[in-house]
């Protein structure tokens, strides 16, 4: 599936949800079901700096495809991380770099993404892109 | 329960009738910044519309009037905190600006390699980092007063931190995280008994109780306008005259000089020596108006009412078994830091926000204190005199909803 | 003469209809501080009434909105001065605060004993004293660009001031006394041809002409909110990213840190590294609103109209034979410094004030420039785009009355 | 005459004057007629610091009585200095120290006396009092 198709799918899922309570419930479920990151990666080297909830992120490249895993100590943040992984994982570096993340706005999570919101969400997305850029640079060598 | 005119007071703060997510906002983030009374809003508006002009240095009708208002604001602040002279009131950009001023000017003129500065574990970053920077420049080091399990300063340990290299103590009056009201008079006396001056960080104190710097006998006292119902970008540094005379200026610029040549510059008298450039004179006047408003209600009355709020909140929050409170001193402001079992503070904050309850979550610019308690953050509800018992209830209801949702 | 909508513009500034001594005020003290457009007054009022909350660090509806407004203000400033990135816009307490930041952080990290800094004779004290203080701490010295008789920088002399010890140049964009608009692009190029960075003091420039820092290629650019029709207590420092990354922080406090322990503190990313404590976020938003207002009129239009005012004033003031003008460059803003024969500037200022004409008299925080011209002060009339040709006439009539009275 | 009587006299004189123009004219005349300070005293040692108009002040004690002379480069300031001298000169240190200068307010010169008005007027009055205090201390020795 294209990254844009996955985003559409998510937008549709959220459209079926009611007010914030259902949305948060959904994110909490996503967070609970996100496979935990390998404990080996749950350390400061993989920590994304953000004032409040901590997010650990790992990426691996296999056969030209990027796979992300993540964890967070805050469950709603973890739910958002699960969404991000669903959107980005299994794609090529080039696709990830080119992707426009319009869905965040449309599912009402924009407030979680203001550049200075202290939850590390923006940093997480940036970090995912940096991984993709690094892999792309490696491939082109 | 009280004859405090809470309805009248709430009507003095326009923002309190704002709705968020269809509910009237329960603004419990007063430790971060406070809301503005109509008197101060209108004072600022009037200056902008009718009175604004440059202070001190122009010769015209508007400028004369503006200068008088500014210098009257200084007198208001002087009286508000019981300073002996107006020249001891320095307008700064905020508590952070005030502390940086002292840390720099004291650091440059007094600190030598090997010297020591005493801080406490419960300091706000604004009362840590400026001292760290001064220590780094001068080769001095920090000694830290520990905090007990209930969130009080360990006074016996404090007494043992002094050495003949101790140059200054910097301690907060009221903890922004725990709410602990430190025994500052005693803390000042102990410092002085070792011949060491002391700065008190009053950022969380001046708005909640009557403060008299002459009585406290502290050498410096710092606080922010925006936390005392005034505008942003303005703060105060009070200092003993002898210290202010002795310290070199902090920033260079207009108004703080006497004579400037490229060879040599001489400095103006107090307080102007420490007020470089065009100060936030409109902000200073706004802050003074907020102080006048507080005085019209009476700081003692405010303190008493806030104690009632505190006691009620202790009882109600204490009834939530999954809630772990940090800071349980008897001497405590209406500031509550806590964690709900197994729920991250950030999740708690996000959810209760949807109930219209505004709090702050995170480390509250006090990471060393978080480390002391082995946590990464708390939820903080900080009350003030326009909050109500009903808002305590709303907080607790919202917290119970969080527990349901996350359960 | 012009299709500039001056009546509409005047009606945007409530204070311009104030009466002083029974006459409408002719506010010709815009070099000291500027008046406030209704848009910005109402923006501040609305924040105070409906929106105020702590930025960045709280998790709630109001705080999120306030943070967005603050960061949008940063983007507005970025666009207003053509900065490549928002992270290059640092909110400070004013031009003085901005220059002190650079002088300190540059001084601490770069300056060594024997190094040299180039300033000019026409600098404001705010662009002299911070550098003197840095020089004193580090054992560096100042080299001064001379000013010619008509009040221009002597560019040939400037070129000869560079040595292999020159570390930075700090020069004003527009002189607050003479009105001279310096050829800053050339001045920047000359500095860069010697591999030396340059700070431009834009306190008297950004409000009068379109400024593009990327095009100027300066390393730092500083200015004040209150001189660009915004609130007091707010200012801007623009810096090239490489420099801002390289310089150490200036003040310590909340928000500028990444991690704090008593052993070691690491700092936040740009621009926050330089914004310690609670910034004047309301002031920043107000200033951005003023910039939006200016942009809606068009800086080119403002510049053109102010040039017409300038030309008319040159002609009218030139017709008073007893008036001696300081600063007669062709490249000049509508700022006029002068002395009436045998009349002390202070006497002149006092008397024309009674005619409702507000000017500033004295040394204008530029004592070295006064020494250059062998005088103790001037009368300064500084115009901006809400002033009128009639106000030029009123100034001249008042000056003639002074001459009569003192004759 | 008592200092308070001289003040009354001045208040009456000013009451006879019309608007600001006449008052300033009067001050300008006073300034013009103020005997210049001895050139020996017109130097930085006798300068009272104030941003704008410079004021030079000298005092002498003869037979227990203080005599002030002053000058300024601004004529209105000089006129005000003339008034101050008229009030203070010829009195004992004790009288000068005890004096309440209410007249300044009443003749509409208050704006010249705000603590931060950069004309050195407040500094001048303070300096006159300091002289008186110094002389008094000397007498009591």
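So that you can tell them apart, the chains are marked A, B, C and D in the order they are listed, and the count of residues begins at 1 in each.
As a convention for this text, a residue touches a chain if its C-beta (ideal position, glycine included) is under 8 Å from a C-beta of that chain, and two chains touch if they have at least 3 such contacts.
A quick note: this is a predicted structure, and the numbers were derived from the prediction, not measured.
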Fill in: Pair exhibiting more inter-chain C-beta contacts, A-C or A-B
A-B
Item to complete: Averaging each chain's C-alpha atoms to get its centre, pick out the one most distant from chain D.
Response: A
Worksheet item: Taking each chain's centre as its mean C-alpha position, how far apart are chain B and chain D in Å?
Response: 44
Worksheet item: Roughly how many whole angstrom separate the Cα centroids of chain A and chain D?
Response: 77
Discussion item. Using Cα averages as centroids, what's the distance between chain A and chain B in whole Å?
Written reply: 38
Worksheet item: Taking each residue of chain C in turn, which ones touch at least two of the other chains?
Response: 21, 57, 59, 346, 350, 361-362
Worksheet item: Among the residues of chain A, which are close enough to touch at least two other chains?
Response: 51-52, 118
Practice prompt. Draw the chains as points, connect those that touch, then say whether the picture is a line, ring, star, complete or other.
Written response: other
Worksheet item: All pairs of touching chains?
Response: A-B, A-C, B-C, B-D, C-D
Practice prompt. Within their complex, state which residues of chain D touch chain C.
Written response: 20-21, 24-25, 28, 51-54, 73-77, 118-119
Response to the item:
Within their complex, chain D touches chain B through residues 49, 51-52, 111, 114-118
Worksheet item: Which of the residues in chain B come into contact with chain C in the complex?
Response: 14-15, 18, 20-21, 25, 27, 29, 32-33, 35-36, 40-41, 44-45, 48-54, 57-63, 93-97, 99-100, 103, 108, 119, 124-126, 128-133, 137, 142, 144, 224, 226, 231-234, 249, 251-257, 259-262, 265, 276-283, 346, 349-350, 353, 356-362, 364-365, 367-368, 371
Worksheet, complete the sentence: Listed in rising order, the residues of chain C that touch chain A in the complex are 55-57, 59, 64, 67-68, 71, 258, 272
Response to the item:
Seen from chain C, its contact residues with chain D in the complex are 21, 343-347, 350-351, 354, 361-363, 376-377, 405-406
